[in-house]
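Next, two complexes with chain A in common: one pairs it with chain B, the other with chain C.
What follows is the complex of A and B.
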């Protein structure tokens, strides 16, 4: 038991050492010291969490079982690092510019901030990674057991569970302490990264030391070792090409998609240029790690008793040789591999779980009310910590349930295949703008189901979860649904089979889904932002990088809030920070408060974008811009509504004013009309009354006088009657109540009739006509049209002062209309009167000719009813009126 | 010799009727039928009474009345207005202009005669 106690002590000391390193690094980073913390070599070493206990112990086992196949596990990442470093650079750039916190965040951000997608990726990642965590716990317990086995066989087993539990609890504590110091997931965990880098060195040294010991200590030199290798089975293993390609691709995909790799590679990345160093340094590290794998395996197979677990050769070889110190170093190497993986995986997964599952649910149930009170931070930290404990505990549970039966490498590859399902959505999101949320969901869904069905569930062993019948005869007895011979793909390696189908159909569903669906605007924008990330993001800057300029913040705030309020706010903040009289430090609390204050004035998104611009010049994300645009759109919509309303009001007011003017005008017209009617009626009535009184009261009138006065009375009565007739006629015409009596007749006949009715034959007026031109057949209200002609001819008779008076009537076509011009040779109508002659009671000249001034008004109304018009033709020698009618058929012969 | 009455009216039949009534009562009636030069005629005739129509070609009766009242020579001449416009605002307008009496058409011959007699103090 002595060695176990020593081991426990060394372990404890090592853990204390790691705590110290992490603590010191954190401290140094917080005080702005320790530039070496941001060295590209630290970054490269942190990438070595790719090499977990699986690689440390399992690679040797892998080699012992299947020869050089283990190389594929190193080949994949090497190819990615060397050949695809620009892809990594793009991922890192996107991660920085979008402030990505995890691979789930990246995928959901790319596809329009879809939380559904984020939850999906998170669940898949947890399912995929949990066995991997179990694997680490198992390796630690196994290696612990390896020590105890040498002491006394059998006594170790009861300890195994408790060892795993202790390790799990220790790792949880470490992760919580150094992984959740700060809320901002994007903030780098300097302590953790430093501890991982140290562990990377330890595991490399341990493996190299064991390798050197095995080659030169146990085997007796390079040539002897090579001879042993040649003699061993390893030399005879033939690796099928499909498995080679499949495994290389798988490890390459996993390297890109593993949540923990994403964490160290993208989230913890300090500087894009670190990738340049890592591009050669990390493959070199992997090469060193793999250097002694085959020798150790070959010597182990040769030296160790038959049945010894080849996964533990790294540990058991020094133990068997009695080199306890080397064995302890080797144990520490494996311990380092296991712990670093669990810590980073727990940080990565807890970020995903708390950000995409716990927080949304919590916010949903609290209705976001707590956001204002500001204790979100506490809730988020608590969620993060609980998630860490949950993830590690889940790993422990898996370990307990499966009992650590399966070979380490197998679990690792299954896990790889699970996270590799992210690849199509990830790569499509980075390089294909047409990729959509629907496509991503479809691809991930298909890939996940196939991975579960073909690889994960069968991995528990026959009849554990999946019934043997399904394995043998397919789901529902359909042979083409056999998990390990899907769609008739017989006789394939189950792993390659599962990878092939899941990746193929995943990619297919992703591409098809993307092609068949339309991206939402935010997806489009995010797609452009991701795919063209190099066009619009700078390498420098980030939230933590730059110092906020309090002065700039104050200037901006004054602009928005007004000088007094802004200064008061800043002064209060400064007092709270103990900096009374100075500008406050731009602490997160203060920035939050400021953002809240500003958002009251300009909207939350705008406030956030503005502060982001000033604080470290961080790139404004598409989401910010979208939100700003939304706000602006809302404001614009609101103001345009207001504008529309005011325009509407102005329009209504204008209409009312116009209506009022019209009413006033009508009222004035009506008054004028009534006054006119009154005058026109009273005038003949005055004569009638005066002369009738004279006739009644005067007894000595001569017969001549009596006759004359009687005639006057008669004429005035006739005039009165005609006036009343005209008034009624006009009223009927104006109200549109007139019934047209449509007949057909010749224009010439109508003019003849009008001449007669106007009394031309008894007067001096000479009428000139062109009868040949009057051969038009008219279909209209001939009586009404005749009334117009009579009026015009009668007017000429009454008013034409030519000597001798002549009226010329000319008929012709003008622009498709029948036009009849009545032009006399008199002095015409003065231009100032021309505008009013068609108004009621307007008289031309001063002399009275018996008309009441309604004739032309009536003519105008009649012509309107007949779809024609009557107008005064200025510029003629005498008075000229033009009657215009719609043109009708012209008689052929007349 | 009777007193002089100047009748300014454009309707021939009314001129004839009023002239007939007043002549038979012993008044010397002069007539004029447009508004343009009515004022000159008033000054020329210097009548004892003016009978004025409201609506005259050339110049309205109200304008002529205003001119009469502002004329030093004939300003005191009584004016009887006969109008076919029976609205109250016309009456007010006439009164403001300084009318002596206002009568609407149609009128009773006896009323006109009585008004003329009352307005011209012998």
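What follows is the complex of A and C.
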């Protein structure tokens, strides 16, 4: 009994040691110390939960039964690890960028945050992994039993059930203590990871120690050991090719899909860079773990009595040789393997169960709203703790029900085959944008049913669950439905048979379902983000948060994340938006960030559902999808908008420049006019003064001289009057005070009058007209119109520099308007002046004929009053003015 | 990923890094093929030509070599990546 007591004490000490390690690591991490916690080697060692008690003890048993075949269980993960560049890198990146909490979360996230899919994966995982937990409990109890067998028979054999119960309870306690310390499952469980890393070292050392003892202690050297292997039952390498390849593939698939592996590999990953170290270090670890398996098996088969359980050779060989210390170390190795597996599996499964099953149900029953009273945070933690206890208890229950028989020993590979059903949906989701939720559900469903039918249910033994008749003759007596010879595939290894059919049909259903269905917008969005995760690892999308209430969001977040964290998050977001206080605008960016934060605590699907309740059910619209999924299009659109804007700006600037030029010119003209007008006023005034002084002061003037001087004074006064008249006229016209004196007359008569009045004489200007075209009767203010014509003809007379000067007047009708063009054969008006000639005070060059620059301005004002226009007509041979008048007046007059 | 995204000719270092990534992708495929090699030995007569010990040496030797190559590749990938921060980790 002594050794059992020692064993119990060692176990207890070891457990205390583990608690201490976990506690210290958690503490160090919380205080920001402990860089070594984030070492890539800790990460690599944490991956070693792949090697459970099933592999610690079972590998030797496996090797004793079928030789080198056991290495396939380690070769699969080796291939996955050295191929990290393909899959693991992507999985880790996706896991980090989407804040994935479990494999169920990853799959549901990828397929549009579908909770149905998450529930399905969770159930499948629980069914697949629970027996595996039972297997760990069994291995611990068996190893206890192995020790007790060496004692005198009958000396109070420990009750296997109670041992298992104690172990289960201890593990539950440890997991709850260190696994649910923080709600955010996305944060690393430093304590747990550190404890696992320590356990990884313990189990490797234990197995290596036993191996060294067997090779050099029991056999006496390498060559002797090799000779023993050659002499043993497993001397020949007789592995069926299908099993060799099938098991390698299966273990590779399981390595990626096992919930506990996903937990340590993706969720607990601190740094993507750690994968680089794990890529070679983990294969090396696996190699060392399997190095001494065949020697131990061969020596065990040789030394141990026939009928001894080869699964326990690792333990019984040292015991038989009397090395109790080594045996205890070996026991600790097995114990570590079992405990670390159960802890991580329980964390992984409980996260899935609480996030995808308990929380949605709870939310549903509490009125379907996250804003109602009650602390979601506590509920979530409680749900997770209960789930841990539930998962471990399920494992214990399974162990009790099956009685820990041989059926359990086979469960390892069966469990692998179960979780491997996730592979098509997982890989398809990561690499194929066309994969849809329907396809994933179909594939998983088909795979699950086939796995149950071909492997899981028959594994309980004949007639336990599945009747023998079904095994022999197939379901409903259909021979092609025999569970172990499906579709007539007879004489195959049952395991390989089940893997082949389930994976083939699973993949087939997945691909077919994806091809035939059409994904929802959010699926397409998530698909793009997962598959192209290296192109843009930042965005998931699509909250249009117009209706969201920031306060409601804050209330909800406080319940889930805790008040301090939530307020800090909200305040940071508000600050980023340039707002004070705790309530940021519910912009899509912020909602997205919040959803990601929340999904770390309650899973993507639940977080999405909670936010959509508050935001008002706004899912992703196709517009959002287009905008976010195709960022390049967005950017291109934006840049073209910018381009258009800049073109518009350039246009506006050009117009502004033109206006400015015009203003400057006008100002110059005004200055010019002022000096001109003073000059114009001064010149006649000067002569009037001079001649009137002569008339006053000179007494002996002849009548002829008097008359001459008087007429000069008169002419100058007339000129002054004319100038003042013009100014007055313009002022009246501009102020709209003019009264129109409407008359009716012929255009040709009007032009004749204007020609005469403009002082056109033979020799000064030749006027060319088409009298036939001028037969228009006008009803308008003829005097004013004549004034315009006079002005235009007089301008031609004064300014036309043609030789001889010719003015042609052409009349025609355009679109109901009378158009009269006055074109001369001079050099015209330079283009830079064309814009200003109608302005007041505008004069072209040095005046030759003493105009005040008011003529055209008056013309324009008159034409505006008459509902017509006068404009400069560019592109003619000389200066050309076009007068246009509406003809309706004439029509109305008729 | 499309060819027109990058320059036609890469800098020597970038080129080296791309080829290292190719090697990293190729390694598991080569490994799978090599792991299946022992299956070919089984046909050699009924006298039990293939001994477990022989297969063991092959498998464990292969294992060490694969781990070593993976180590070399990932170490150089890291060094190369550190020197080339602007481009994404994508290929």
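Convention: the second predicted complex is superposed on the first by the 518 of 894 C-alpha atoms of A that agree within 3 Å, B and C clash if a C-alpha of one lies under 4 Å from a C-alpha of the other, contacts with A are read in each partner's own complex, and residues count from 1 in each chain.
In this text, a contact is a pair of C-beta atoms (placed from the backbone, for glycine too) under 8 Å apart; a residue touches a chain by one contact, two chains touch by 3 or more.
Quick caveat, the model's predicted, so the values are computed rather than measured.
Engineer: Looking at A:220, would you say it contacts chain B, chain C, both, or neither? Reply first, second, both or neither.
Structural biologist: Neither partner.
Engineer: After lining up the shared chain so the two structures overlap, which partner does A:86 touch, if you call chain B first and chain C second: first, second, both or neither?
Structural biologist: Touch status of A:86: second partner only.
Engineer: Applying the touch criterion given at the start, work out whether A:886 contacts chain B, chain C, both or neither, answering first, second, both or neither.
Structural biologist: neither
Engineer: Does chain B (first) or chain C (second) touch A:683, or do both, or does neither?
Structural biologist: first
Engineer: Comparing chain B against chain C, which has contacts with more of the residues in chain A?
Structural biologist: Counting residues of chain A touched by each partner, the higher count goes to C.
Engineer: Does chain B (first) or chain C (second) touch A:712, or do both, or does neither?
Structural biologist: Once the two structures are laid over each other on A, A:712 reaches chain B alone.
Engineer: If you stack the two complexes on chain A, which partner ends up touching A:245: first (chain B), second (chain C), both, or neither?
Structural biologist: Touch status of A:245: second partner only.
Engineer: Would you pull the chain B residues touching chain A in the complex into a rising list?
Structural biologist: Residues of chain B touching chain A: 10-11, 13-14, 16-18, 20-21, 24, 34, 55, 57-58, 84-87, 104-110.
Engineer: Touching residues of chain C toward chain A in the complex: what are they?
Structural biologist: 1, 21, 24-25, 27-29, 31-32, 35-36, 38-39, 41-42, 48, 50-56, 59-60, 63-64, 66-71, 73-75, 77-78, 88-91
Engineer: Would you tell me which residues of chain A are touching chain B in their complex?
Structural biologist: 675, 678-680, 682-683, 685-691, 693-694, 697-698, 712, 716, 846, 848
Engineer: Quick one: which bits of chain A touch chain C in the complex? Just the residue numbers, please.
Structural biologist: Contacts found on chain A: 67-68, 71, 75, 78-86, 89, 93, 226, 229-230, 234-239, 241, 244-245, 248, 273, 275-277, 279-281, 283-284, 286-287, 291, 294, 534-535.
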